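Okay, so subunit A shows up in both of these, paired with subunit B first and subunit C after.
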Partner chain A sequence: MSKAQIGILDLIIAAVLFMAVAIPSVYFWNLTRDRLITGMDYSEMQVKAFQLSDLLIKSEGKPTKWENTINETLALGLAESDRAISPQKLSALNATSYNTTRKLLNVGIYSFKIRLTNPGNEPIMEYGKNFTGQSSVVIERYVTYEGEKIIFEFTLWK
Partner chain B sequence: MNSLFGNKGFVLSMDAAVAISIVIVVLVISSFYLSRSEDSLPKVQMMKTGSDIIAVLDNEGFLQSSNATDIKGEINDLLPPAYNMRVSINGTFLSQALIIETGTEPVGATFIGGGKRFFVITSPSPGYGIIKFWIWLK
Partner chain C sequence: MRNKNGQAAIEIIFTIGIIIFTFLLLAAFTFERKIEVQNFAKGAEVKKDCFKLTNLIVGAFINGEGTTITTKLSENMTAEQNSLYIDENFCGLSANVLKQNFNLAKGKVSIENKNNSIIIQNV
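Right, the complex of A and B next:
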């Protein structure tokens, strides 16, 4: 066999080996990268959903009587005391436009839905947009409303 | 070491082999890390549930009476079926701590969430108390 033939054979073998390693490596690299990004996105949603649910059920908002002057509201909160929902604040939230609430809650690229039900799953109030996206985080919290225990469900989705 | 075409080809091949090995090691380690990373949502959800339950007990007035049967009944009503919970109530109005458990203690290396809440007693005489909770998966 001449040198040139050996050289070409060597090149072909090297090229085949390279393709055999490079193609699965690129595929696996992209797969790992996508999984990382998806995981980070979901973690961010989880953190934000918990922060927003905490804000709504533990805080009175700012100013504390924001339900009287919605235009001067700096921060939303539905609590009259820790985890006791105020009927007046709930009514004020219901009367506020979804876009205004989105800005006050600073949800960014996400959408949300708030749902209050009694322990028998009968709805008390619903506010926000129904899920029509690709991923969501649903948080259920126990609170009291007018002296009775209810479930505060907060869904953050995109 | 002398090959037909000199040593350059061998060195280049070695270089390529080392580079591919590094890529494969990085991919294996990152894949291993991804498969091991835990979702934190269940643990946070569990702790928030425990915190919410003792807040609801306080808001509904169960802590005012400190009736163990009533408190245990309310906890069983609120606690999701997957969890067990232990509650300890202490305060100026109690001669000794009140301990309430919904099930058996956890076995093995189980994550246990916990927290506490301070509350005020208005009757029969003013005072204050501390309720602590521990919550874990069955």
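Right, the complex of A and C next:
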């Protein structure tokens, strides 16, 4: 009876080496792709946070006296002039529900928090939701409020 | 001369089959990843355009009446209410400042703040 060979040692070694290269390649490819997507998501959040902080501290809103009729507000703005926060608009924001503000700012899937502090980090006002997510972007801007220089902190998170 | 018969052993056919199958798998994987990279790169480019336009729109709104900004779009775009759409991608505007919906062709566009509303049109 003739015997046949069904196992080739060279082939088995080659196959093992091949798998040793292929499997880590697939794993690192997926890892790189996930990191790229996370990076892009974070960049998107940064852009959004900059836009929102700019809008709030540089614009009076639309209409400019939106604090008198919140239901007719199309765009929020806290400024009485460039980077000077209006006390009336700030009070109106404080009196507005978080969900209404979210819709007006069109934050989408994100949540936000606004915090005004004096240079000694003592809080003047806080509005929004505290961070309970996975990633956040914090923007700090110098503004004036009632003649004093304060810090306007805007946190966008998800 | 006596003819000798050869035999293609079943083992070698089996082995060649496995090798071909493995390389086909590898080719399919590589092709799929190549398509993924191309789509990803295109999506990133489109998102960049979208963010650029939202920044300019918000900037035109902040800078007030009479502000006009000119820029270039690399793709056709639709602006509706609070969102800009390019293909399947969209990005949201931080304020309801668009006067109406706009369909924009790729190329030069102007963003104008008129009566505290933003008008976007091809130039």
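We adopt the following convention: the second predicted complex is superposed on the first by the 150 of 158 C-alpha atoms of A that agree within 3 Å, B and C clash if a C-alpha of one lies under 4 Å from a C-alpha of the other, contacts with A are read in each partner's own complex, and residues count from 1 in each chain.
Everything that follows uses one rule, which is that a contact is a pair of C-beta atoms (placed from the backbone, for glycine too) under 8 Å apart; a residue touches a chain by one contact, two chains touch by 3 or more.
Being a predicted model, the structure only gives us computed values, none of them experimental.
**Q** Sticking to the clash and touch definitions up top, decide whether subunit B and subunit C on subunit A clash or fit.
**A** fit
**Q** Where does A:126 make contact in the superposed view: on subunit B (first), on subunit C (second), on both, or on neither?
**A** neither
**Q** In the superposed arrangement, which partner chain does A:146 touch: subunit B (first), subunit C (second), both, or neither?
**A** neither
**Q** Check the residue A:41 against both partner chains and state whether it touches subunit B (first), subunit C (second), both, or neither.
**A** Neither: A:41 stays clear of subunit B and subunit C.
**Q** Angle subunit B-subunit A-subunit C between C-alpha centres, in steps of 10 degrees?
**A** Placing subunit A at the corner, the angle measures out to 80 degrees.
**Q** By the touch definition at the top of the document, which applies to A:29: first (subunit B), second (subunit C), both, or neither?
**A** So A:29 meets both subunit B and subunit C here.
**Q** Kindly classify A:72 by the partners it touches after superposition: subunit B alone (first), subunit C alone (second), both, or neither?
**A** In the superposition, A:72 contacts neither subunit B nor subunit C.
**Q** Have a look at where A:62 lands relative to subunit B and subunit C in the superposition and call it first, second, both or neither.
**A** So A:62 only meets subunit C here.
**Q** So after superposition, what is the minimum Cα distance from subunit B to subunit C, given in Å?
**A** Nearest C-alpha atoms of the two chains are 6 Å apart.
**Q** Can you pull the subunit A residues that subunit B and subunit C both touch?
**A** In subunit A, residues 6, 18, 29, 36, 50 are touched by subunit B and also by subunit C.
**Q** Would you pull the subunit A residues touching subunit B in the complex into a rising list?
**A** On the subunit A side, the touching residues are 3, 6-7, 10, 14, 18, 21, 25, 28-29, 32, 35-36, 39, 43, 46, 50, 81-84, 119, 137, 139, 141-144, 147, 149.
**Q** Can you list the residues on subunit A that touch subunit C in the complex?
**A** Residues in contact with subunit C: 4-6, 8, 11, 18, 22, 26, 29, 33, 36, 40, 44, 47-48, 50-52, 54-55, 58-59, 62-64, 74-76, 104-108.
**Q** Considering only the defined contacts, which subunit C positions touch subunit A in the complex?
**A** Checking each residue of subunit C against subunit A gives 9-11, 15, 22, 26, 29, 33, 36, 40, 44, 47, 51, 54-55, 58-59, 61-62, 82, 91-97, 116-117.
**Q** Residue numbers of subunit B touching subunit A in their complex, please.
**A** 4-5, 9, 13, 16, 20, 23-24, 27, 30-31, 34, 37, 40-41, 44-45, 48-49, 52-53, 55-56, 59-60, 77-78
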